[in-house]
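These notes open a run of structures that come right after.
Two complexes are shown next, each including chain A; its partner changes from chain B in the first to chain C in the second.
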Partner chain A sequence: MTPHDDSLAPPDTYAGQVLDAQLHLLDRQVLDTDGVPVSTLDDLEITDLPLDVSLRGTPAPTIANLLTGVTLGTRIFGGRPPSSRLTRIPWRHVTDIGVVVTLGVSGERLDATWPERWVRDHIVAHIPGGRHDPE
Partner chain B sequence: MKQLLGVALGILTAIGGFLDIGDLVTSSVVGSRFGMTLVWVIVLGVIGICVFAQMSGRVAAISGRATFEIVRERLGARMAVANLGASFLINLLTLTAEIGGVALALQLASSIEPTLWVPVAAFAVWLVIWRVKFSIMENVTGLLGLCLIVFAVAVFLLQPDWATLTGQAIAPSVPATETGATYWYYAIALFGSAMTPYEVFFFSSGAVEEKWTKKDLTQSRINVLVGFPLGGILSIAIAACATIVLLPQGIQVTSLSQVALPVAEAGGKLAVAIVIVGMIAATFGATLETTLSSGYTIAQFFGWSWGKFRRPVKAARFHLVMIICLLVGIAVLATGADPVMITEYSVVFSAIALPLTYLPILLVANDKQYMGDLVNGRATNAVALVFLVIILVASLAAIPLMIITGAGA
Partner chain C sequence: MILSDLLNRPVLDAEGRTLGKVLDARFVIDGAPTQLLAEARLAGLIVSPHTGTTFLGYERTDENSPWLIAAFLRWRHRGSFYVRWEDVEMLTERGVVLVAAYARRSAALSTSIGI
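After this line comes the complex of A and B, so read on.
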């Protein structure tokens, strides 16, 4: 305990359960509201802190988006894709965090699942029997 | 009564589905070169796969998460991608070996070149994956695979010298014609053939496919604890057949016809017909399992929609991955690569890859967030840790031994 540490005031309130991003969020499966897999949680985007301003008094950053897609490549091999190339799932869609992260919306209309839709519409749906239940 | 039938069906399919091309070839090769002196490895491998499969099935039933989701979540993206690379490639190698095995078995039945059978077999596998329900697929191949029981019958028909056979099995020693290094190399191969990682991908994903819950755990435990050891006995019977017939005559196992030879000698044409049906069913079933496993591992790593319980359009990328893998398998076999050789390498590489999936499952099976009260008990953990050591040693020793022995030459 250095005097410096003492000067930090404890946070006023915890909103609820404390989660460790690395432990409880990253690399977990993301399911949509119907339990259909959407993607894996490849990375998180947090809100920006203001530049050149004293941090005292500025609110802590919050999670803005779940990231997937190219982010996985850069997370493994390093680097950072331009912001325009990120595939985002807005944090406000998240309804539950447990063994999996559950969204309150259908995955069908999310940007994150476009490769799935592309493969479905251009390849799999054209093969006979692809639209039917297995018998 | 209905429940009893369900249990019986589960056990029978577990026995029939236990053997694949790896077991057929490796057990026979080992029997023809080392007699019964390596049987202890089969016993060890069967205990190992029982512990491992049971644990992954339990994790999948309780948490609903299959093996590769857990690998990704526990190891993180970077380690998991390396793991995926290794597991996927080895699974692809096994898949290729299994298609080759179907082709070899069909050659026995038809005397048409295996290379011509390969595309036919692969297409049939795809068709089943595309259209047939998971449970039907499992039950049919499992039950037909029971035909391999003729190997056990053949051992009795051959009227062997039981004292020598059991003596070799109980007090093993390296045969005079072989070196210590080759003995241990084949020990690892045999261990890898009993404990192939794809069985775990398949078993845990299958638990999700069949929507297991806590209630199904007893049934699955019985299937594993009774079915797998009985399947292991068939594996021992194959080794015994090779010991009795192939070893004294110095016959090398280079194809499935040598594997079936002792059965022909013991039971004639009828026995051969049954054994061929069993071989086709076993290799075909294993091709289905490895093909599905290739889709499972990739889809679970990336978090895609997967599973045969969904229509193909609802799991598009999963199905595309499997189609590509089958095409790669066909392409490799079209070069004229020997399926028996591919099998021999695939079982050793399987042994090398075992720790990659074993460790994450062991960790999660002890995690309360996933498992609630059903975390591993002390006894399971004790056995699991002993196996962790064995698996690590086998994995580390495999490559040096492969180099020293020239891949068991």
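After this line comes the complex of A and C, so read on.
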């Protein structure tokens, strides 16, 4: 296929920003409101879709949460981590999507950054000089 | 529902014939306003008859370089098309079932934020 295949109906145009999940969202870096890296975008959670039920006339699903987590193992061996092991960042926190995904909240308040906070508070803080910025 | 459960899933026509796999899901930020951005609704699915994986989206853009890679990836995604969400009849264990009168549309990105 080429982007302009004459055998197909012309592409749809939309008033809003168009995002192809794999192309524009997955694996993008997520920054908080101060530009500090929070995580990478590993997956998306969309509003639930029932199985084996006609979807005609039902509203299209929407993105509910950005998902992040430890996905290295499943990327190598296949599958995906259980839903309960993924950390959720609500879509309502997203302010901009471009080369990176920008949030409107501080990363300090998000569950996605707890390992970093834990290492800072329990390990780095005990190293001499670890409680202040380098001079 | 987790999006990766939808990606790579077989796509079937109303008579149960396999048309391909879900290559990508196209969202549009034009839903109900929320705190910051509007809701991102699922506008449709990109279906590829030959593969369920994509790389850099050559099949959806006018990008032609490096030529060899662009040509190979376009060939790999030959026959790919876009279906509106309205053309999806239901999700089953076997895959995504389309309505009988579904329309194959070009998957080209007419408005793009770039990659």
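In this section, the second predicted complex is superposed on the first by the 115 of 135 C-alpha atoms of A that agree within 3 Å, B and C clash if a C-alpha of one lies under 4 Å from a C-alpha of the other, contacts with A are read in each partner's own complex, and residues count from 1 in each chain.
One rule holds for everything that comes next: a contact is a pair of C-beta atoms (placed from the backbone, for glycine too) under 8 Å apart; a residue touches a chain by one contact, two chains touch by 3 or more.
This is a predicted model, so every value here is computed, not measured.
Student: Quick one: is A:20 in contact with chain B, with chain C, with both, or with neither? Answer first, second, both or neither.
Tutor: A:20 sits against chain C, while chain B stays out of touch.
Student: In the overlay, answer first, second, both or neither for which of chain B and chain C A:60 touches.
Tutor: Only chain C is touched by A:60; chain B is not.
Student: Once the two complexes are aligned on chain A, which partner has more residues of chain A within touching range, chain B or chain C?
Tutor: The partner with more contacted residues on chain A is C.
Student: Check the residue A:85 against both partner chains and state whether it touches chain B (first), chain C (second), both, or neither.
Tutor: Neither chain B nor chain C is touched by A:85.
Student: Is A:94 contacted by the first partner chain B, the second partner chain C, both or neither?
Tutor: second
Student: Regarding the shared-chain residue A:45, is it in contact with chain B (first), chain C (second), both, or neither?
Tutor: second
Student: Quick one: is A:109 in contact with chain B, with chain C, with both, or with neither? Answer first, second, both or neither.
Tutor: A:109: touches no partner chain.
Student: Check chain A for residues that touch chain B in one structure and chain C in the other, and list them.
Tutor: 22, 98-99
Student: Which stretch or stretches of chain A touch chain C in the complex?
Tutor: Against chain C, chain A makes touches at 1-5, 7-25, 43-56, 59-63, 67, 80, 83, 86, 91-99, 104.
Student: Over in the complex, which chain B residues touch chain A? Could you list them?
Tutor: Its residues touching chain A are 63-65, 69, 72-73, 76-78, 80-81, 130-134, 299, 301-306, 308-309, 311-314, 316-317, 319-320, 369-370.
Student: Enumerate the contact residues on chain A facing chain B in the complex.
Tutor: The contact residues of chain A facing chain B are 22, 26-30, 36-42, 68, 72, 75-76, 98-100, 115-117, 119-120, 123-125, 127, 129-135.
Student: Under the stated contact criterion, what part of chain C meets chain A in this complex?
Tutor: 1-7, 23-31, 34-44, 46, 54, 56-57, 59-62, 74, 77-82, 84-86, 88-93, 99, 103-115
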